[in-house]
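You will see subunit A twice below: alongside subunit B first, and alongside subunit C after that.
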Partner chain A sequence: MEFGPVIRALRHHKTGTLLAALQIAVSLAIIVNASFIIKQRADKISRPTGMDTDNIIVVSIRGVGENYDTVANITADLNLLRNLPGVVDAAPINQVPLSGSGSSTGLRTIADENVQAISTARYQTDEHSMNTLGVNLIRGRNFYPEEIEPFIPGKTERKTPAVIVVTQALADSLYPDDDALGKPVYWGDMSSSTIVGIIDHMQGSWVSWDGLDRNMIHPGIQADTFVRYIIRTEPGERDRLLPIIEERLTERNRQRVLRYIRTHEELIQRSYELDRVMARVLLIIISLLIAITALVIVGLASYFVSQRTRQIGTRRALGATRADIIRYFLLENWLITTLGAVAGCVLTVLVAYWLETSFELPRLDWRYPVAGVVVLWIISQAAAWVPAWRAAQIPPAIATRNV
Partner chain B sequence: MLEMRGIKKFYRTEQIQTRALAGLDLSIDEGEFVAVTGPSGSGKTTFLNIAGLLETFDEGRYLLDGEDITHLGDNARSVIRNRKIGFIFQSFNLIPDLDLFDNVDVPLRYRGLSASDRRQRIESALERVGLASRIRHLPSQLSGGQQQRVAIARALAGEPRFLLADEPTGNLDSKMAEQVMDLLQEINQAGTTIVMVTHDPGLAARAGKNIRLLDGLIEDQQIVIDKAVLAS
Partner chain C sequence: MMTYYLQNALRGIKRSPGLSLLVVAAIAIGIGVSITMLTVYHLMSSNPVPEKSEQLFRVQVDSWDPLRPFDDDRPERAPHQMTWRDAMAILEQAPAPRQVAMFEALVIIQPPDAQQLPFEATTRMANGDFFPMFNVPFLYGGGWSRHEDEAATQVAVLSRTLNDKLYGGDNSVGKKLVINDRVFTITGVMNSWSPVPRFYDVINSPFQEVSEIFLPVALTPGMEMRSAGSDWGWKAERINTFEDWLASESAWLQFWAELPTSADQRTYLSFLDAYANEQKLLGRFQRPINNHIHDVMAWMAYMEVVEEDVAVLVGLGFLFLLVCLLSSVALLLTKFNGMSAEMSLRRALGATRMQIVGQNLTEVSIIGLTGGVFGLLFTMLSLYGIKSMISRVPDALFRLDGTMIAAAIGLSVLAAVLAGLYPAIRACTLTPAQQLKTQ
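Presenting the complex of A and B:
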């Protein structure tokens, strides 16, 4: 390979070479870090939810009128929903997991205000909720029906639940060195509940919260005029049942407004909308940068070829085969790309460090710059191929033409 | 060494066809120094291109060093150019971005010689043309005559069976032209066959054989007798 002569020849084309290398370096830094961010977002979106989200429908209803009997309506609604063919189960719930809105509280293992509370999302629901959500209760028990009490705002007093079910993540946070099952937890007012069940995994309400996996379910029905139901259907029945449920609930009592009926999947997609938009924007930026980089390489290689027509003819006259000419230009391009890639790796690390310290992004995986360099090599060689091939078509007889 | 029989070459455009060589018959023996002359359009450059395997021809047969190259493919022609033919161009055709060492190295690299062998050949060739001390200079730092000497060194380094020179002194003043011609004669006397295309009758007279082309055919062929030999 002609490394030495190619490098020495490039020294006489410093401006074009350095500009192309700089463009490659900047592109590499942006492409690698953007790819890493996209991967972070994709991982975030594809995290296991712990729930049967593909088969869950969410309904929100607001009762109207002073005489609207919330408890009776909830009971009748749930009775209707649970008996619909194709419905696995249904439950009332104060907040919907992964919906972006919810309720949280802090729990302690010692009744002492000075002890740091562990924050957790809080779901108030009945004994059907775990089956409806499709979560896996790995230890302990579900709520008993007699533990479910309605809470009517303004009419009944809010009580601390005697029992709660927590996710494994919350159990581990509360009792890192001990078994949480059967243990007490203390609320903000220092009243206590006992952990009676542990769910292996379930995501909470806020997708960007680092405590997304820390969740607590406690028995009770929020019997407000404003209620939410979650309904789990048989696999494949969700979309068919959506209009039926809407129609039946509306028909059952017209003294209320059905605010929305949506699939859980749709709510989750809304929660991740910002992440999706960012990933799409970054993907567009990456695509543009790759296209620009390829164009720069094509442009520079074409310029070099057009500037060296006689030189190429001379090389052919002196014995270079077409393959030798192609090899020369691909090698030259590879060297420029590699120069840019080396500078780009340094820039990539600097940008990654800035993102890490300024935006609390995870540390850049070293495989990303490596993959970025390999991708750039492939793109640059592909981009330089056409100019190199054109150069190889220059006839050797050019060498004897006197301009 | 070089034998052409009935070589015809046409250049075609959409509208016209121009005949550059009209059935050229020519033989050049090993060790000869042949000058090819003729007016513009007589076919000199076409002859040089075909002789140097830079162009193909339409009809006829061409044997070079006993090998029939009539139907050879592009790669095989490149290999023969590289191993058997040395080129000296009117405009020198040195690569401006490379120093003398790398310029002379160009054909050697295509031959796949070892680095040490190449270095020895390059240094020896540049020594022979008197430019060994300027081995790391760029062509732009040399005079025209020196650049042509580098081109000769590049041709010599490959130890070719014959040299093809295209108006080798065309871009040089008379003093430098003389020096280059002296060098070519010296190379010929050392055994290398040389075919030189030139407009200059004075230079042609220094070759051992003159071939004059006209309209793509040999108009005249003369053996030049050295004046010194005549005097004796």
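Presenting the complex of A and C:
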């Protein structure tokens, strides 16, 4: 419609128009790139864990004193835990998935030091662990109770386990072209274990490690003064049982320190804490940016309207309807926003390039700038609506008055 | 003249309170966001021991796998930590006025009040040089001597927090404390000390409080103290006993040396190379000689202590400030345009252009300063907000210091003047006659 007059009018306010467009351009660059980062963090946090993390409690205990009997205490603790009403199962474990700490090892399919080993987190636990974690064993078998041997540092000989269970991701890394079940793997000292079971999916200990899905479970109990237990409760029973478990374990033997008892959920949240903070901070920045952009649009449009009171009155007197006036200002605003959006797309790509090259962030998805432009259109039109509507209320008679 | 400018400026602000408020808000938010990010970045990358950061060196020797480097992606790197054997040998033989070998561990403390339950405390196993070397401030007593290191005496230094917890803040020097079933004598209580970054150990989290208690590293074999921090290994070794562990190729100790002059540094490096060659004869150190010393700031850079996310936020924060600046210019332009009639009138009455520009800049500076003050308040609020979202970080990482306050105020006035300069000048370059005519 009235592109001509709108553009001619804007030419009179070159600097203001240009500044507003530039402001929109930079806003777009920030909003798009920030949203893209937020999406990546949200995806990272919401990856499936493969475990029943909502119903798991983690306990860490340390025995005190020279004569603390580690094996007897572990046996008694597990007995107590497994017989507690509401508890599904419990197991000792050397490290807790998604906790951010633990140990890893390298496995090979050929007994040759020169072959690069595949790194994997290493969980040492008993035959109750899979039920406790709630992982899904899709092929093969669980450990037999007789395969679980305690290792007492300084007292017993450390042995290579005869059997191990691996996640599908680890199986695929070890034997990309073959079925891993029943096949051998070699440890660093070239002793070997046989893969007897495959879990479909389970996340490991370090959430930012690219090998998060590669995990191995081997039978055994590390009977150290430090022990960790994982406990799975019936759904909804976790929070009720946590203080009870704390009390029972403390009572059972006072000669030790209950290092911590936490829900698995809390441990996981801690692991993702910085990702969450980053996402939140970016979200706040985006909100502030949108608020500022909207306010500036309202401010500028109001000014434009106030400058043209007489002009509007004249147009109205010459037969322009209220809708025409509103349309005029909305069109003006749309032009400024679109000008900004075009420049903004270029700037967005530049910022994305800076992030990609300096910080190893993934390449920006093209749909984000498109969505960003649409959002800006909506916001700026909504913000311009108020002054435009006010402009439309200017009576035609004002044109005849002296200012 | 100045008061006249000020009065006029205030009147100008009052005339368009909405626009002025919007500019103040834009500057405040822009300053708030950018200074918040900058503060965290500034503290993360700050020098924790400026007085001797160029004399303290982090020591690395390459004892790694003959077949593979320590870091596959950066094969030039030596292992970040040392084995027990190497750390103890270098500690004993190397030519340096002070050295420290250390690791993080956990101990059980039996409080003096027997009614209380024993609890776990974070411990740093180190030798006595740690305290003078890193300028650790003491509230009571002091560290222990080399003699006590050599004799592996059961002595301890407490952090102020632990001393408060155990002794209610009293002077506990000379008191006995039961740690892991052994009786220790307290030689000193540290004053509050929270270097940011925690430079002496950035491997086990660079932003954490210091340990609660310090014990002689020489007690490691006797107490069978295991590292609670990172350990790296490459060799498949069967480790059954604690002696096996100590003799293993696992690297779990961090090592620092104080080397005041460049001559000291050269001598030290040649010692390390000679040591590596000696070890080669024993069948260890089969990689090419690759020993390094890094001073504090070089080590911080090497370990990439500044979180990548924070750098991203600083970048986005300043783009945000740019948005706020552009908004301010646009808004101020609007504002001064609205005042062109008044300015023209003043020009017609004899005011020079410079006087009008001065007048306008005064107004803009007031707006900028107000924006800056609110921006600082906003910064404090957001620093507090971010801190409360993160567990286990020292408060010192979120403290607004003088530099940052000055930066915020300076930046806001600069921003406002920059934002206001063009509109202010433009507004008064209009010919007065023309402006008056259109009235």
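The definition used in the following text is that the second predicted complex is superposed on the first by the 402 of 403 C-alpha atoms of A that agree within 3 Å, B and C clash if a C-alpha of one lies under 4 Å from a C-alpha of the other, contacts with A are read in each partner's own complex, and residues count from 1 in each chain.
Going forward, a contact is a pair of C-beta atoms (placed from the backbone, for glycine too) under 8 Å apart; a residue touches a chain by one contact, two chains touch by 3 or more.
Being a predicted model, the structure only gives us computed values, none of them experimental.
When both complexes are overlaid on subunit A, subunit B and subunit C end up sitting side by side without clashing. In the overlay built on the shared chain, the residue A:16 is in contact with subunit C alone; subunit B does not reach it.
Looking at the shared chain after the overlay, A:190 reaches subunit C, while subunit B stays out of its contact range.
Applying the stated contact rule after C-alpha superposition, one finds that A:277 touches subunit C and leaves subunit B untouched. Number of subunit A residues touched is higher for C, counting subunit B against subunit C. After overlaying the two complexes on the shared chain, residue contacts for A:318 are found with subunit B alone; subunit C is out of touch.
Distance between subunit B and subunit C in the overlay is 10 Å (nearest C-alpha pair, rounded to whole angstrom).
Considering their complex, residues 18-19, 22, 25-26, 29, 33, 67, 106, 108, 117-120, 181, 224, 235-242, 307-309, 311-313, 315-317, 319-320, 322-324, 326-327, 329-331, 333-334, 337-338, 382, 386, 389-391, 422, 426 of subunit C touch subunit A.
Within the complex, the subunit A residues that touch subunit B are 2, 4-5, 8-9, 11-13, 310-311, 314-324, 395-397, 399-400, 402-403. By the touch criterion stated above, subunit A contacts subunit C in their complex at residues 15-16, 19-20, 22-23, 26-27, 29-30, 33-34, 37, 62, 64-66, 113-114, 153-154, 156-158, 187-190, 254, 257, 259, 270, 273-274, 276-278, 280-282, 284-285, 288-289, 292-293, 295-296, 299-300, 303, 306-307, 351, 354-355, 358-361.
By the touch rule above, subunit B contacts subunit A in their complex via residues 45, 48-49, 52-55, 74-75, 78-79, 81-83, 87, 89-91, 93, 95-99, 102, 105-107, 109-111, 154, 158, 166-167, 170.
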